[in-house]
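Pasting the structures in now, so scroll down.
Look for subunit A in each of the two complexes below; its partner is subunit B in the first and subunit C in the second.
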Partner chain A sequence: MTQLLLNVVDWSRAQFALTACYHWLFVPLTLGLGVIIAIMETMYYRTRDEKWLATTKLWMTLFGVNFAIGVATGIILEFEFGTNWSNYSWFVGDIFGAPLAIEGILAFFMESTFIAVMFFGWKKVSPRFHLAATWLTAIGASLSALWILVANAWMQYPTGVTFNPETMRNEMTSFLDVALSPMAINKFFHTVLSAWVLGSAFVIGVSAWMLLRGRNRDHCLRSLKIATWVGIAGIVLTMVTGHSSAVTVAEHQPMKLAAMEGLYDGGRDQAIVAFGVLNPEKTVDNDENPYLFDFSIPYGLSVLAANDPHSFVPGINDLIAGRSINEAGDTVSTISYAERIERGKLAKEALAQYGEALQSENTARQAELRKIIDDNFNHLGYGYLERPEEAVPNVPLTFYSFHFMVAAGGYLLVFLFVVLAMLYKPQWFKRLRKLEKWGYYLAILTVPITYLCSMSGWIVAEVGRQPWTIQDLMPNKVAISDLSVGYVQTTFWIFAVVFTALLIADISIICRQIAKKSKLDLEKDHD
Partner chain B sequence: MHNETAIQNMTETATRGSLFRRVWNFYIEGFKAMTVGKTLWAIIFIKLFIFFVVIKMLFFPNFLASQASSDEGKAQYVRHQLTNNK
Partner chain C sequence: MTHYILQNYWWLIMSVLGALLVFMLMVQGGQSMLITTDKAKRPLLINSMGRKWELTFTTLVTFGGAFFASFPLFYSTSFGGAYWLWMSILFSFVIQAVAYEYRSKAGNVYGTAFYDTLLLINGVVGPVLLGVAVASMFFGAEFTVTKANILNAGGNATISQWTNPLHGLEAIADWRCLLFGLMVFFLARTLASLYFINNIDDEEVNRCQHKHLLINSAIFVVLFLATCAVILTSPGMAVDDNGENLAMVDYKYLHNFLDMWWALALFLLGVVAVLAGIGKSLLDKRFTGGIWLAGSGSIVVVMTLFWVLGYNGTAYYPSLSDAASSLNLRNSSSSVFTLTVMSVVSILVPFVLAYIAWVWHKMDHVKLTTGELDATDHKY
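Up next is the complex of A and B:
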């Protein structure tokens, strides 16, 4: 590891990736299971059938374990912003400041109030109030993910701000542009809805385990029905929002899209790779075939990127060269990366001189420089690059993560519909009785597959953005603090130990609870 | 998560006293009645202690605050960082 990761930029990134990934192991289950238990409790409220109460309480216990262990793991990311990514934290200004703090405080109070009612309030508040608290916990959890996702979307597509070279901060000029940017909307819905799928897979997997052991069959079937419906709604909407995410990525981060597809030379009527193996020898500088093997769907990428089978999708080489093809089929020039580097350097140089003009209080010179900065600000980040190739993300990691996410999404769609059919039309599956046991194993295996799928989504979003911390404006090497490698390494390993311990605690307590509860007759003994 | 006697006590006390007292009792008795919850609370408190006291205080100072005290000073420091040797 030490040989692979040599400098403070890599260690800071590795540390952020480690903590963000661990944090993300807890979050989607809270979001997804929250909705599932709220629906289960609604069933209890409407039917007043104690069986529904028992079912709700079992999943609520598991929700509680995951919530308790996961809560506050996200705060570590904020510590890192202030210490390891201080240039970035200052530069993003309003976007990360007050709204995140307000959100943190609001979420804390909302969650601590409603979760307390959820767990302590069964016999103390009215059933209606209890149900409201459960729904508010689920909704509050999703809302508390909102601003951090808006902030992440802003890093992919910085909008609604004006850069002030005097304060060196991006000052928000339009809250709505920031909060309602297409990137933010897609990110919020794609993330939250994909968490429904994960919650659903979790309930299905745990129920399958109990069924495999022949325990609490009725309870499992009730759970499966709710979870499967939530999962189906989740996967269909995840696919819809996945598509619209791809459209916004194509528009604002075309290099990410090209990396997702391993596309070096793009074109109109662009096919999408359904399965493929990348050629490890391929680089920007050679003419090797990008794939060792690929199975492509004609027009697929043009449709995914722009809802038009004939649209032009640029590849990595097209973007670097600033080459596009218009609707008439003519090759036209856009801005090349070499030119962006030039313009970035202009902005950077003007920024340096602006500091001097500020000190000498030369306002005329400040105005002159400000114009140069404003005119070239969109390319500022390129001013830190030596060669255009530095603006290409890690293609294999982005490509395989994207393809895994989409393939797993396709699998989950089929899986959930098959589970639904098994629940409502068991007669269709009579002949497959002998395979029942394997079906349960598959359902259990689907839980880690869904976690991996969700994690791959974040890899696509974050690795695909590289080398930028903020798209086009700030590369990682500028965003980090001037710290020593040893310092960042130390905290990396501290986090690795602490988070691994938390994960082990989470998994072992959840497993013990499942084992313990499944031995009870849940319908009789559910307190 | 609860045991029966504690729940009965909760129900009795919850109906008495001021709003503040009722809320207080709600939480205290809720906590008392927990089983797996106790382990979880122990984990939460140990975790918060490690995060905020050990990790935050020892390893995660506000870096910019250590470079400059005023906002102008911080802006100048960041400008220097963004325009020199990078």
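Up next is the complex of A and C:
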């Protein structure tokens, strides 16, 4: 790795990726399991059946173990914006800081206050208050996700701002545009609903393990029913929001969409690759076939991108060359990346001169330069690039992550409906009883598949938007702090070792807790 | 509202969050005592703090987020520059977060003693280094801010540059910052003893904590007086209302107190409350409300220290490398629009504080006992 990562930009990216990936191992389970536990406790509250209480408490124990490490890995992310991305912090702090502060004030305090009631309040507060605390913990976790995803969405689609050349930063002009941008809305629902699926898969997998051991069958069936319904709601809505996410990506990050599909030369009536293997020899400047093998669905990508089977979807080469095809089928020119680089440099130059005009109090010159800056600001980030190809993300990583995510999502849809059918119509599966054991194994295997699916989604979102820290405005190399490579290498390895050690402990504790609880008769032995 | 008022308002909010964070560092203070606590009584202390650690953690995160939102230039300059100082603080909180939940769980791989050591590290490093970080705002740091740097192509494009190669470690070596850090540490230990006296119903713990209170509060008072003397005799960076014309002025913080008599009055009131909380708890062994008296006093004192740091035409983060780069409320804040939006959100802060207080009361109105711990499944 030391050979692969050469400079402080690479190491800063690697550190952020490392800490974000570790954090995301735990967050979706908190989001998904939180909702499942709240529903279980609601069942207890309504029925006052001690069995529901036992079921709630089992999952709450696992929730607590996971929650702690999620918190531990999360704190570093917020502060890394300052420690490792200091230019970024100033350039967009006026916009980005607000959602983070709101997250702290509105969401984190709700979570941290009511989680104490959730764990320690069974005998201290009324059942109704306890139920409210459990729901508020789950809601607090989702609200926290909302604000951080609003911030992330803004980096992908900067809106509701204006650039102030005097302060050399972007300044917010519309909070609603930032908070309610289509990118933010889609990202929030897509992410949180996918977390429901992960929570569901976790409960189903653990319950399957217990059933395999022949323990606490009633408890497992109760858990399975709740988890499966949550999972089905989650996966169906994740697919719906996945489609709307693709539409916003096509509109605002067409290069990412092209990378997701490995599409170099786009067109109208564009097919989507259902399965394919990329040609490793393919680059933007050769005529190799992009795929060694592909199975495509006609019109698929045009429908995904614009809800129109005949719409034009640009490929990587089209975007670089500024080429499009209109409804009449004629090739027309849009802005090329070479021109964007030129206009970005123009904006930078005008900005440099604006400072001088400001100092000499030459207002006429300021107005003249201001116009140049405003006209070219949307291309500012390109001014830092030397070649158009620098604006192309890692195609193989984006392509395979996207296709794994979609395939795994499809599998989860089928899997969850099959589990639902097995729970409510067991007679349909009488002939398959001999395969029951394998079904449990499949359910257990589904847990890591769901984690990989969830992680793949983030890889698509973040790798696909490279090289931008802020889409089109700020490339990574301009966003970083003034640190030596050695410093960031050191903290990278510290976090790699510490987080890995904590992950090992987390998995070990969760496994031990499951084993321990499964040996008990849960309906008798809960306190 | 004008930008000027909004900037002052947000410094007020920062002072409230900073003060609440210092109050909640009692959790860290308690953790630092574990090593000297009888093993049989340790679970009581850990479970008492374990029900509050997330509030300290959340206050720290919110303090950081609010600084980012309201004074982003400080966020980018200090965090990116004093890298090792902030990373050490964050690292100590990372290891704390898991320690409570994992320490007594079967299968925790590394054993209970390992997690208790993590709590000890956080208990010492957290308050001391947070104190050092805040002290560097009084005594200055070595950095420059050149916004046009961002236009550099190929060269160094970083706006805020740290000119000391130790990147924050130099602050720990500065005796004035260390003094401040140790003062915060002993305040945290003092508040922890008062909290245990209030929260735990156990004769031995109570007796032991009174002994700790006597020693820690005595050290704290000495350190506090020394810190005040150093701050009040130190020079500070003066700045005009537009955030320009910066110049070092002797006894700036003392002048600020004298100019803002209301801040001085509150400061003294806060000191009296802290001393009264400690004194009454030491003299009357049945008195358990010391945490509220000393806690409120420490919150008021910290708030007023923030006020003399940032108000009355003072650069709250003086640059020792380039006076013009010093950060003040005017040149480092967010725009009018953002501060206005955030101010609307801040209306919810009292509501948040109210529900925290309400839940705290609900959970703690019956003191923690060994019997309760024995009867509960979820314990640390």
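Just so it is clear, the second predicted complex is superposed on the first by the 519 of 527 C-alpha atoms of A that agree within 3 Å, B and C clash if a C-alpha of one lies under 4 Å from a C-alpha of the other, contacts with A are read in each partner's own complex, and residues count from 1 in each chain.
Just so we're on the same page, contacts are C-beta pairs under 8 Å (C-beta built on N, C-alpha and C of every residue); 3 or more make two chains touch, one makes a residue touch a chain.
Source: prediction; values computed, not measured.
Overlap between subunit B and subunit C is detected when the two structures are superposed via subunit A.
Judged by the touch definition given at the top, the superposed model places A:115 against subunit C, while subunit B stays out of reach.
When both complexes are overlaid on chain A, the residue A:333 reaches neither subunit B nor subunit C. Of the two partner chains placed by the overlay, neither subunit B nor subunit C lies in contact with A:362.
Measured by the number of subunit A residues touched, the leading partner among subunit B and subunit C is C. Contact with both subunit B and subunit C is seen for A:509 once the two complexes are overlaid on the shared chain.
Using the contact criterion defined above for the overlaid structures, shared-chain residue A:167 touches subunit B and also reaches subunit C. Once the two complexes are overlaid on the shared chain, A:289 sits clear of subunit B and of subunit C alike. Contacts of A:7 after superposition on the shared chain: neither subunit B nor subunit C is touched.
Residue contacts after overlaying the shared chain place A:101 against subunit C, while subunit B stays out of touching range. Common to the subunit B and subunit C interfaces on subunit A are residues 61, 64-65, 68-69, 71-72, 75-76, 79, 82-84, 86-87, 89-91, 116, 119-124, 167-169, 348, 351-352, 355, 384, 477-478, 481-483, 487, 491, 494, 498, 502, 505, 509, 513, 527.
Taken together, the subunit C residues at the contact with subunit A in this complex read 51-52, 54-55, 57-58, 60-70, 72-73, 75-81, 83-84, 86-87, 90-91, 93-98, 100-102, 105-110, 147-148, 150-151, 153, 156-162, 167, 334-335, 337-338, 341-342, 345-346, 348-349, 352, 355-356, 359, 362-363, 366, 375-378.
Subunit A makes touch with subunit C in their complex at residues 57, 60-61, 64-65, 67-69, 71-73, 75-76, 78-79, 81-91, 93-98, 100-106, 108-117, 119-125, 129, 133, 164, 167-169, 171-173, 175, 348, 351-352, 355, 383-384, 477-478, 480-483, 487, 491, 494, 498, 501-502, 504-506, 508-509, 511-513, 516, 526-527. Across the complex, subunit A is touched by residues 1-4, 7, 10-11, 14, 26-27, 29-31, 33-34, 36-37, 39-41, 43-44, 47-48, 50-51, 55-56, 59-64, 71, 74-76, 78-84, 86 of subunit B. Listed in rising order, the residues of subunit A touching subunit B in the complex are 61, 64-65, 68-69, 71-72, 75-76, 79-80, 82-84, 86-87, 89-91, 116, 119-124, 165-169, 348-349, 351-352, 354-355, 384, 477-478, 481-483, 487, 490-491, 494-495, 498, 502, 505, 509, 513, 527.
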